[in-house]
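Each of the next two complexes has chain A plus one more chain, namely chain B in the first and chain C in the second.
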Partner chain A sequence: MTRDVLQQKYDAIVVGSGATGGWAAKRLSEAGLKVALLEAGRSVTPKEFTEHLPSFKLKYRNHSPEVLRTRPIQKQCYACMEYNYEWFVNDLENPYSTPPDRPFTWQRLRILGGRSLVWGRQSYRLSDVDFKAASRDGYDVDWPFAYADLAPFYDIVERYVGISGAAEKDEMLPDGQFLPPMKMSCGEVRLREAIKAKFGRTLTIGRTAILTQPHNGRVPCHYCGPCERGCMTFSYFSSPFTTVKDALNTGNCTLITDAVVSHVDMDTSTNKTKGVTFINRTTKETKQVRGKAVILCAQALESTRILLNSSTPEYPNGLANSSGLLGHYLMDHVVGADASGTFVDMDELPTANPPHRPNGIYVVRYRNTPATGKHPHFIRGYGFQGGASPRFNTDAPGIGAEYKKAVKLGTYHVSLGAFGESLANFDNFCEIDPDLKDVWGIPALRISMAHGNNEAALMRDAGVTAAEMLEAAGAKDIHVRTGVEMPGMAIHEVGTARMGNNPKKSVLNAFCQSHDVHNLLVTDGSCFVSSACQNPTLTMMAITVRACDHLVERFRRNEV
Partner chain B sequence: MPSPDSEAALSASKLRALSPLIKRRDLIRTALFASVASALGPAFSFAQAASLELTPAARGEDGSNFLTDPNWKAVFLNDQQNETLIALSDVIIPATETPGAKEALVNRYLDLLLSVQPTEFQQQFMDALNFIDAESQKQFGRDFRALVPDDQRSLLTPWAYPRQGSTWMEEDEQPDPAHQHFARLKALIASGYYGSEIGQKELGWEGGFTNGVYEGCQHPPTTHT
Partner chain C sequence: MGGQGTERRDILRYIGMAAIAGTFPGFSKWVFACPQGHSETTTASQSTGPYKPLFFSPQHYAMLEHIAEMIIPEDGTPGAKQAGVAEFIDFMVANRVPVSASHDIRSTEDAIEMGNGAQNRFIAGLDWMNARCNSEFGRSFMDCTPDQQNGLLEELAYKAKFKPTTESGRAFFQLMREYTVVGYYTTKIGLESLGYPGLRTVWPKMPGCTHPDDPEHANLREPVS
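The block that comes next holds the complex of A and B.
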């Protein structure tokens, strides 16, 4: 890094290069602003992608002791593997704490692109049933904007990213700008038809950020399967090869990798941020970068940690925290309910050959909707991800030639797994652990979260109704789970710097701007007011674009 | 240098035509990588690609080389245990019209896998192996690996199917250590076999990573309802 890079004064400093940071860098630099994009990890190259490497080429076939030793927490996510574990943070270097009775798993990547490299790619819009949920059921508060305010930005994001999916005209899940949908298996079609006929519920193919036709210079999916190991044709959306690339191509954006941001720096005389301080990841030198605005896109908990670590005499409890709410209302979709079974009369055999569809099916929320009315036992709702396909049956009984035959004959497996709304609750929060620092000396988080009775009731109902739907489709050997997994497992954490119109009851305004410090924005999942039950990344990206366009307007009016 | 877009525009069919795939993979990567590098500009530091912050897989190492090393030696099992494991794997997944677990060197993979497992896991494996030999001694007067194949099959078969309680004594189904020991060994051998290259081919894998678009259900509506 040259001296010039740090001596420049930028218009905007974007912290984090994932799904939201990439969009912020792209949108602001394309509008002509000078942008510094900071990433805590190293750069990434397609050369290190391993999606076409068979697992038998891995020494331990994905049971590497090194992964267990250095990533005992990250390993709890299926995407952290012997293939790619270096993309995930080393848990030994990046500690956090939890109360003993409130475990939380925090999945983190520090590398250009962040979690967009390994995300699940499911992309769903929220609707006014979500944005105005409080008005319907009286719990907590509405979002400070309506669906109509965000819809144009969903359009922008979807048109650029490329979301394949099918329009369903279901009021709970607004349709978007879709590329052609991926196809369903025979078993999925059976399930779709059965639950529409019997329950009037919508099952659709997963809406996913994977191309099904050429789009914006990228080629469609070649159906090799494991997107989370990278994609040499960039057919799924990840920021380094799309938004970040665009930002750098404007000539207005400077990428600074290995910049572990410790805190936001304030100019107390003007009550504005003047930039951020970071520690070089490898040399551990402390450096500053200066700019007229700071946009945190580091992921909800990480952005919140930066703000909590940025206290000043004026903001003794963390920057932009005059409300006292920073870090509170942490949410993560509740998971743990599912049902699985087999279709015994499907004759399709399993095969290890591609094509492997990197996508599943989605059952749209049907509880507490305008159509279904109020549920007696819980508020809000859940959706399902799942799939149906023939599988090899290595659990088959017997030995010898008969066993080999039975394995190949397989079973036609069908399953639905729920993602439920996590209610905003002041008592679910993160704070700075006074006794814990990471290896860069930056104070670490203590995360305290537990799902409550409503989440447990959602999962009970989800398990039961999933089983009913499988049964309606003729599935046999149905297994049901109705548990509640540890928070963090959904990797959909949001809400720690909530938006709102009242500065006493929220951290950010409706454009993700701090109520306290007007040139400070947080546009990642921190800003969410409620979690809804849909996968959040698409909404985070749309909110980021909306917030950045608003910031550009303020620059034009000379307000920053 | 071609533009990243034209270079990335390798169609799925072109990718499919590339063979042998594993070797060509590196060529494709290099081409894409070079074009992306030029598109992204100097802000990207590609020197880092050579750094140690890459997994062995991302560095391009073939981690399976040890399996066929002519000087291979077990790191966890002793000779007798290794021979017992080979014999077990050969009975559970024998060569038929396709190769079996012995040809897939399942014992070598499991030896490595066991060497990095927690002590409890290792102990459970050893207990299972010892149980097999003890039962073999009890019923046939020899260790398992020394039995003729018919006797090996005869010993294992009752444990390879779900256990039934006694129909004479109205006995409830009880957890049965024999079935548990056997199930543990069978599951390990099956995962070692089907996770191997031979095992993947047994499951129909033809060596490719792409094979056209997923076509899904081609039937008219309500065919399956």
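The block that comes next holds the complex of A and C.
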């Protein structure tokens, strides 16, 4: 990179190029601000996408031992595989620690676009039942804004991203600006009808950031299936080919890849940030980039780590941490409850051919809602993702021609897996491990989190009610799990720099601005006050746009 | 597990039901996706001469190939032998790569243990087969008649035919079948036996429920958007 790039003083420095960083770069540069967008990893090109490559063309047929060797933690995510594992961080270079009895799995990508390259794409709005949950059940605090404040920004994000889905008029899951929904399978229609009739619960097609018609210059999905290996037609939303591209097209945004940010730099005389220090990923040289505002979008734990590593004499426990809450209230949706079964009477055969719908179904939360009332055993609730389709039955018993036939005949499989709300708890936190550094010499995190009794109660209830719903639809061979998986498995980590109106009880204000340092923002999942039970990325993007628009206003009023 | 009262009883009732159907990693939908714009040359190299086993002795390798073909025989579509399943098993076992058809291997410790353990388990299992044949029929497995071989395999494969004292044999059979199934259905031949169409261009839409006129769906309405 040229010296000029680093000598320029930017209006805003955005750290991270994923779902939220892409939006911040787009929104700020389109408003005319000069933006530096920093990404810790390399750039990405469509040439490395492998969504159409059959596994028999891979050396280990998608069983590469190299994945296990270099990504033993990342491998815990279904999306990390022989096809794409180089997009995920090398765990040997990027360590973190946990107490032995509190394991946590931290899934990370360092590449342009970050996790938006491999995300699950499910996109759901939160509702006022979520934003004002504390007012309803007395646990913890409400968010510092209401649904109506965020709704216009959900609209903006959805209109741009393209979310296919169906409106259901369910107060727990506000409808949005949808592209036409993908179609449900026969088994899913059966399940939808059965649970509406018997329980009054809503099952809808997944609301997903995948195009079902041409949209904003991108073409619709061609239903090949494995989005997590990339998409040559950019039909699912990932930031490099949408928001980041738009930002660069303004001419106002400078992309700096391979920039591993170690800390935020402070000007103590003005109590403002003056930029960030980063280490070049490959040369390991230390560099600075200067700007009038810093927006951290590195994902919750990574942004928090940067702040904890940015201590100054004025902020000895981490920058923007006068409240002492930075790193605390770490949440990740609780998973581990599911039910699966078979529709034995459905004779549709599995197929080795496309189309493969890269989307499932969603059962809207029905516990502790205004309609269902207070549950005796737990607060908050859970939603389900799942699906029903015929699949090849490699588990058929026996050998020989009989076995081959049974595989081909398949079974009509139906399943529901729960995502439950993770309660904000001060004792779930991350901090700097004094004895551990990554290969760039940056102090690493110690993450300490465990799900509690409420999460366990949610999963017990979820497993049982999932099985009841499958049974109501006539499924057989129902199998249930009601456990609690280790935190991090949902890959929905949020909450470590919570928003709030009281600077003593929160890290950020309602516009993601640090209470302590006014030209410092954190707009990724760190800012969440509660986790709700809906997939968080859509909300993170809407919050980012809201925060960035507010920042632009402050620039206009010359307050930055 | 926890809970109390009826809640707990419900859980136990459901858990008593049959096991979850699983798929192996690589036998999910994405395996069947069609190359488009990818060059054929990215294929793992196809050897021209006869395969030289990396790990197994020639005797064990011949057994492996024979048993794999018994599990997935040629029957209108090619079997395990033609799909090169024994080569796959040898390659994976030699490289200590864990392979499972019945569950996704998530835990790294499990994966390493499985990959390392497979070498001993395969050798011990093949030797067990020979020892069993020697005690039952007075000769090694490969020298038995097809009926004897098939009889033994069925005793290990079908619950109804299980015999006492064959526990180690059954465990080996499970292992052997997992590797065979993955090895077969991740090849082009195996996929074609399931109707894999090979290279194709885009699929324009997702059809959804295929019989909306069925009385079962009398109330079916398209979700409104």
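The working rule: the second predicted complex is superposed on the first by the 560 of 560 C-alpha atoms of A that agree within 3 Å, B and C clash if a C-alpha of one lies under 4 Å from a C-alpha of the other, contacts with A are read in each partner's own complex, and residues count from 1 in each chain.
Rule of thumb we're sticking to: a contact is a pair of C-beta atoms (placed from the backbone, for glycine too) under 8 Å apart; a residue touches a chain by one contact, two chains touch by 3 or more.
Remember, it's a predicted structure, so these values are computed and weren't measured experimentally.
Enquirer: Overlay done on chain A, so just call it for chain B and chain C: clash or fit.
Expert: Superposition check on chain A flags a clash between chain B and chain C.
Enquirer: Examine A:Asn84 and indicate which partner it touches, taking first as chain B and second as chain C; both and neither are also allowed.
Expert: First partner only, chain B.
Enquirer: So in the superposed three-chain picture, is A:Gln288 touching just chain B, just chain C, both, or none of them (first/second/both/neither)?
Expert: neither
Enquirer: Is A:Thr351 touching anything from chain B or chain C once the two structures are fitted on A? First, second, both or neither.
Expert: So A:Thr351 meets both chain B and chain C here.
Enquirer: Which of the two partners, first being chain B and second being chain C, lies in contact with A:Leu255: first, second, both, or neither?
Expert: First partner only, chain B.
Enquirer: So in the superposed three-chain picture, is A:Thr270 touching just chain B, just chain C, both, or none of them (first/second/both/neither)?
Expert: Neither: A:Thr270 stays clear of chain B and chain C.
Enquirer: Looking at the overlay, does A:Gln7 come into contact with chain B only (first), chain C only (second), both, or neither?
Expert: neither
Enquirer: Determine, under the contact definition given at the top, whether A:Asn317 touches first (chain B), second (chain C), both, or neither.
Expert: Neither: A:Asn317 stays clear of chain B and chain C.
Enquirer: Which of the two partners, first being chain B and second being chain C, lies in contact with A:Arg42: first, second, both, or neither?
Expert: So A:Arg42 only meets chain B here.
Enquirer: Mind working out whether A:Asn501 is in touch with chain B, chain C, both or neither, as first, second, both or neither?
Expert: neither
Enquirer: Can you tell which stretch of chain C collides with chain B among 2-10, 20-28 or 164-172?
Expert: That would be 164-172, the one stretch with clashes.
Enquirer: Both chain B and chain C touch chain A; at which residues?
Expert: In chain A, positions 50-61, 63-65, 182-186, 188-190, 193, 221-224, 232, 350-357, 392, 394, 397-401, 403-404, 407-408 sit in both the chain B and chain C interfaces.
Enquirer: Across the complex, what residues on chain C touch chain A?
Expert: Residue list for chain C touching chain A: 1-3, 7, 10-11, 14-15, 17-38, 42-44, 70-73, 75, 77, 88, 92, 95-99, 101-102, 104, 106-108, 111-112, 115, 153-154, 157-159, 177, 181-182, 185-188, 191, 193-197, 200, 202-212, 216-217, 219-220, 223-225.
Enquirer: Give the list of chain A residues in touch with chain B in this complex.
Expert: Counting only chain A, the residues touching chain B are 42-43, 45-61, 63-65, 82-86, 112, 182-190, 193-194, 197, 214, 217-224, 232-234, 241, 245, 248-249, 253-255, 257, 346, 350-357, 392, 394, 397-401, 403-404, 407-408.
Enquirer: If we count contacts the way the header does, which residues on chain A are in touch with chain C in the complex?
Expert: It comes out as residues 50-65, 68, 72-73, 75-76, 78, 81, 165-168, 178-186, 188-190, 193, 204-205, 221-226, 229, 232, 339-340, 342, 348, 350-357, 377, 391-395, 397-401, 403-404, 407-408, 411, 413, 456-457, 460-461, 463-464, 467, 477-483.
Enquirer: Over in the complex, which chain B residues touch chain A? Could you list them?
Expert: Listed in rising order, the residues are 4-5, 8-12, 15, 21-22, 25, 28-30, 32-33, 36-37, 39-41, 43-46, 48-49, 51, 53-59, 61-64, 66, 91-94, 96, 98, 109, 112-113, 116, 153, 156-157, 160-162, 186-187, 190-191, 194-197, 199-200, 202-206, 208-217, 219, 221-225.
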